[in-house]
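Chain nomenclature is as follows: A, B, C and D, assigned in order of appearance, with residue numbering initiated at 1 for each chain independently.
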Amino acid sequence: MSDNDFVVQMKGITKVYPNGIAANQGVDFNVMRGEIHALMGENGAGKSTLMKMLFGLEQPTEGEIIINGEKVSLSSPTVAIAKGIGMVHQHFMLVPSLTVAENMVLGMEPKQGNKLFINYKKAVEITEEFSKRYNLYVDPHAKVRDIPVGMKQKVEILKALVRGAKILILDEPTAVLTTQETEELFKELIHLKEQGYTLIFISHKLNEIKQITDRLTIMRGGKSMGVYETAGISKEDISRLMVGRDVVLTVEKEQAHPTDVVLSVRNMEYTNEWNKKMLDKLSFDVRKGEILGIAGVEGNGQRELVDMLFNLNVPDGGSAKVNGKNILGRPQREIRDMGVSLIPEDRMTFGIAGGGTIEENLMSDRASDKRYNNGVLFNLNAMHNDSDQLIKDYKVLCKSRKQLVGMLSGGNIQKVVVAREFSSEPVLIIADQPTRGIDVGATEFIRKKLVELSREGAAVLLVSADLNEVMELSDSLMIMYNGKIAAYFEDTAVLNDTIMGEYMLGLKQQSVEEIGGVVHGE
Amino acid sequence: MFSQIIEMIFSASFGYSIIRITSPILFAALAAVVAEKGGVVNIGLEGIMTISALFGVLFAYWSNSWIIGVIGATAIGVLIAMIMAVFALKLKTDIILAGIAVNLLGGGGTVFLLFLFTGLKGNTASLTTPNMLTPKVNIPFLKEIPVVGRIFSGHSVLTYVAFLLVILVWVLLYKTAMGLRIRAVGENSHAADSVGVSVMKTQYIALAISGALAGLGGAYMSMYYSQSWNIGIVAGRGFIALAAQAMGQGQPVGAMLASLLFGFASALGNKMEGMQGFSSYLVASIPYAVTIIGLVIYSMSTIKKVKRFKDNEK
Amino acid sequence: MENKRQSMFEIFRGFIAIAIAILVAFILILICADDPGKALECLLIKPIISNGALNTKSIFTILARMTPVIFTGLAVCVMFSANQFNLGGEGSVMLGGFVAAIIAINIPMATGAHVFVAVLAGTMIGGLVMIVPAVIKVKLKASEMVCSLMMNYVIMFAILHFLNNKFADRSKGATQTYPFLKTAVISKMIPGTELSWGFLIAIIATVIVAIFMYRTRWGYSIRMIGINESFSKYSGMKVGGMIVLSQVIGGMLSGMGGAIEMLGRYNTFLWLDLPGYGWTGITVAILAKNNPIMIPLAALFISYLNRGCELMSIYAGVPAEMIDIIQAVIFLFFAAEHFLSGTRQKIVVKDAKEELQKKELASEGGNA
Amino acid sequence: GCGGSKANTDADNGAAADNEKKVYKVCNLVNGTLGDKSFFDSAQAGLEKLKADGRIDFTTIEMGGTTEDQAKWQGYLEEVSASGDYDLIICGTYQMPDYLKNVSEMYPDQKYLIYDDTTHQLPNVANLSYAQNDLGYLVGVYAGAMTTETSVEGMNEDAVVGFVGGVDSPVINDFLYGFILGAQESNPDIKIDTRYVNSYVDPAKAKELAESMINDKKCDIIWGVAGNSGNGAAEAALETGKAFFIGVDSDQELTFSPELAAITLTSGLKNIGNSLIWFFDEWDAGVEHFGQHTLLGMKEGGIGVVTDKNYDSKTPEAVKEKVAAAIEAISSGDVVVPTAIGNQTDDVQQLRESVKP
């Protein structure tokens, strides 16, 4: 094939960040016109970095970029956008206090006749038009800070499209979408491809890659491991190329033997600031030794439920007890002392302090433990040893414990969070989207660990939008719809996507008796 | 005694006084609002005002025209803000430190410049001519209305500009593309960057606007209020403006209300000093204490509002 | 693990920045001074070397003037670490000095005890007033910046009121108190100089603050809260309490600085205005990048600069107001982080490459 | 060069040598900055004159006036003393004596002069002070008499005058003390509205205060004793068109714009510059004032009232006579005005409150 078939050619790209990390080392990356090209690799492999250079957000230290046969210098996103490149970022690039429509048109604002004022109506029209055209529903008037993550993701995609991107980079767009939403998105992506768009697709989900991409480039440790036709390579081979060893894609787990109730929630109610009932007389129990999964389309109260259980919000009514002790409205210190840990959904806000070192982040819940203090002073040796151990155990890819967490790749950030939360000998683990945006290797590791901990006697409440994950990991499972439990399954073996989809979309609802099964206590 | 206070508060001169005291703070508070919205803390307002105040007088003196003076003061305000911007945005000097440096320039630097240009030291009282002062404006119909006329008419043209600017700044921030960009950059610069809005350019613009507004505040001080320039002329008003910005939740109208509160308390203090038995020092602290109390009451009410809202919904 | 070549470059960069700052200052001096060469000598050398010999007296003066700004620098360091933009240092310094002075004058005590009690009281009251902005912030979410800034003025006027109406020595033309009792004066570390034992306390305070911030759970919490409050709350830290603690410690350090400066330098209380050390403390803390251990170095830098300017005005006819301009210029350039950033990046890249090469060699060796 | 503060060249040395008089080397330390149009400038002007006459050679160093600068004042004194370059080191104001005491004891052979202070008596220091209470008295007599002179255009019949002070402090209150007593001398029922700006550099605030005095209390004469802030009071008088201003320290009619000068009736003078010239006259004549307190009053020319220009043209004869009589009484010692400085009781404060309108 000739060079002309490539819309994007990145040749010998090396990127060294100011902190000395060489995120890309001599990477060649070529994308053909009109294909969906997957970029794969472990957390920290350098995928986002490579794409940021293609979008002009970072400048390569070495190497050249050729777009449509023309050598370019992508000094800023403005230049990249002008070249027809659009990017949907791994972490949201939205302005929370602005409305969806305002975020959509930022930087390309439609003006009133007088060229001075923003034509807000036009902005809304544009948003609605694109929303309809690409079948991605968003509310143009809502402020971004008030919309659920799923909608934020859609805004991000629309933002790229509205700027006339012909080459669309999608950095883990499906990480926060439900199965249905993902299916919708894929339809659109294929539709786009048919219209001549070129798509670069980053994902850790092998199924998705197999489903929609034409070719794939695999990265490991900042280098390209080669380009493959998707059809001609098996999932197992992809995993091996990425991780450098065989990966077990399904989690083996023994039968659960749940015993005492650890967490019991009764009649929890919450109406949010916009007068929407987010939790409606919610009651359920989680027992020692079991993993209770919560599935559901995002925005049906899962987030609020988790917030209540960790006192990040206060419900209007109801109770929640851990081993018989109330946890509602109690300080987080107390909740943690009762043995509760939380892997938060929003890891950048709650999970880490980006400006702190890895060690400081690993120690945040236990810095005042006796173990780490000699009287007034820290016992630094204990801290260093334990941090190094955790970094090793959880395979956090970093230079040393002194590296700033904010500089780690998305997946490694999550590993830091998980390492901390799993290592505090929890009796109850609330895992909210624990493997979102994490590579297969790490996902495997976290899932195994979660099962292991539950079999050792922890109660686990797993909230996940990843249907495969909840079905595979949960011993029993409930589905939330509209702040209520729509269904409860004592045994997850009977489940499949279709059944769950019906409950998740509110097409079906179990009877009170059936749902009552989730209450094991009094 | 209280009857005396009440009598004073309901006099027209009291209202007039409030507006006059508020005006320079309002300019600077709006300057703080624009900078803050763009994600830059402009702690150098005091310095910018002082330097602009000086150049307002000098330009007016050289041209014998207050209009040139005001334009000059504004331009110098922009210039100083741009120097700050080059260091803070391009060379990444800490923005607070850059502000402190500008305030230092407003201290000794102005004295030096005044001497350099005129041979005068310390103040410009001897230069002032009526042409150099911004004129007072009598508003045709308003003027005739008994008390209201005396409160709202007859202020410096710059006072009306200040209050007009509240609306203009609001429109700029909330109705124009530039405003949208300024807000976006201030809130999430990465987001702005990723859609091709140049963060640096936007912040340059925000600082320039901020400098221009502070420059007008400086012009008000020297070309109307004090009628000449002297060392320390701004006397902390740039800092009060920072407070007004924060108290007004970074909104133009909020900043105006906060400035007015300060103006009210100052005017009250000035009047109370004339009464028997008030310590001058304690009276002088009234505006500052009132600002704190105002802040507390306001914050309490917003917190309650949220609560009440939730109670109603139940 | 900072690379050697990189840290060498950082030092080099600092020097170049200072050199440029001085060059710009020199251009200004050229316009003003009668003898620019002499002016430059006064600015750079004379503070420590005069007539070919060590200018010990001047050196002690420089050290003495570091004392209050070390305290306020540390205070700002702690307060800003919690991400609180508290400008209350000014008020706390003045109040600390005032309360110490009142005790020094009115409550007779034994030597030693007197200084101790007076400084302690200044420290406590300095911390106490900071509770106001801190609690208002934590409980009501009201801006600590507004509150602390306004409080400075309220404190100042209240002090002036009491000074003028209650504690003034009316036999004096200036508004000042009666002299401190001898027992309350902090004696000089080196007689005949300005350097009092307060300097030593400042250095000790530096070490304690550094240990507090980096080696204790409280300092750690304060720093984490400063980086990400939500995260700290979620991690189980007492966010509100820690914020209050950080502000109170800042207030205490400022109050202590005020008290020590007052008893170590003066004989009567005579501050009639906010002393300005709070603002200098902000500059110091920024130059020290909020690192307590670097605070004395930053304070030394400022103190040296001040002394140099002073000598310029005495010996080289550079007008006093030039000092402000020269300082402003030096701050701006010195703190310009991106200055020479291109060169820095080249060095980083070079290092990274070398490291990668080494690794590759090592792994090849291992495989073979 | 641009150094306004510096003025030593060797220009007129030749002429001085002819007279075989010693050319003194003088250092003038300003614990603030020049440009106050008041005592620092006045001292500077005196020294300039001496230099022009070839009698001294001097350097002025501005040490800055903020509290942070205050920590450096003693250092400056020491450095200058240690240099041994000067025959006389001059400083001023009530804020300096303690530093001067420390340093003068370290350098007993160095001669010093401090003006406007009486705190210590030291063998190598000459203290010059000025009878500002007397000055206040004279201005008070004048203002008290003028305020009811409705024949003067703009004067109302109410016996109310105003005093805008810099800060509530002994020196300012010393002016005030005399002012109140003088005004009462002219008119026992006089009311005096006293307010303080709490800053010497905030004319805007002074303007607000003065406007309130004029509008709310019907003051038609305001004496501004507040440095730069005083100008604000003058502007209030000009803007309202209902009051006059009296200046302080130097002849402010000369430093004002024509409009402001037009409503300035007179100024109370504190002749620091003259007193320095007088000091060198004495020194040359062999009279040394070191180790002494020298109070310079009306007789010695230490204080005075501007009596030409507006005063001359606006003041009715009867008032002029009253003022002249008061000057006479003060000079002869028939009237002795108490001073607020060193007054251990609250006399001034009580008096101040009792005459408020």
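Some points to look at:
Going forward, contacts are C-beta pairs under 8 Å (C-beta built on N, C-alpha and C of every residue); 3 or more make two chains touch, one makes a residue touch a chain.
Chain identities (UniProt): A = Galactose/methyl galactoside import ATP-binding protein MglA; B = Beta-methylgalactoside transporter inner membrane component; C = Branched-chain amino acid transport system / permease component.
Remember, it's a predicted structure, so these values are computed and weren't measured experimentally.
Looking at B-D and A-C side by side, the one with more C-beta contacts is B-D. In this assembly, the chain whose C-alpha centre lies farthest from chain B is A.
Centroids of chain B and chain D (each the mean of its C-alpha atoms) stand 34 Å apart. With centres taken as mean Cα positions, chain C sits 44 Å from chain A. Computed from the mean C-alpha positions, the centre of chain A lies at a distance of 75 Å from the centre of chain D.
Separating the CA-averaged centres of chain B and chain C is a span of 29 Å. Annotation for chain B: residues touching 2 or more other chains are 111-112, 115, 279, 281, 284. Across the assembly, chain D contributes 2, 4, 33, 167-168, 198 as residues in contact with two or more other chains.
Along chain A, no residue makes contact with two or more other chains. By the document's touch criterion, interfaces exist between A-B, A-C, B-C, B-D, C-D.
Every residue of chain A that touches chain B in the complex is listed here, in rising order: 55, 57, 76-78, 80-81, 87, 89, 92-98, 102-103, 106-109, 111, 116-118, 159, 163, 271, 273, 275, 316. Against chain C, in their complex, chain B makes its touches with residues 41, 87, 90-94, 96-98, 100-102, 104-105, 107-109, 111-112, 115, 236, 239, 242-243, 246-247, 279, 281-282, 284-285, 288-289, 291-292, 295-296, 298-300, 303.
Of all the residues in chain B, the ones that touch chain D in their complex are 8, 11, 13, 17, 20-21, 24, 111-112, 115-116, 119-123, 125-130, 221, 225-228, 230-233, 235, 266-267, 270-271, 273-277, 279-281, 284. Those residues of chain A whose C-beta lies close enough to touch chain C in the complex are 16, 18-22, 25, 61, 310, 312, 331-333, 335-337, 342, 344, 349-356, 360, 363-365, 367-368, 372-373, 376-378, 380, 399-400, 402. For chain D in complex with chain B, the residues that touch the partner chain are 2, 4, 33-37, 41, 167-168, 193, 195-196, 198-199, 201-205, 207-209, 211-213, 215-217, 228, 231-232, 235, 255-260, 353, 356-357.
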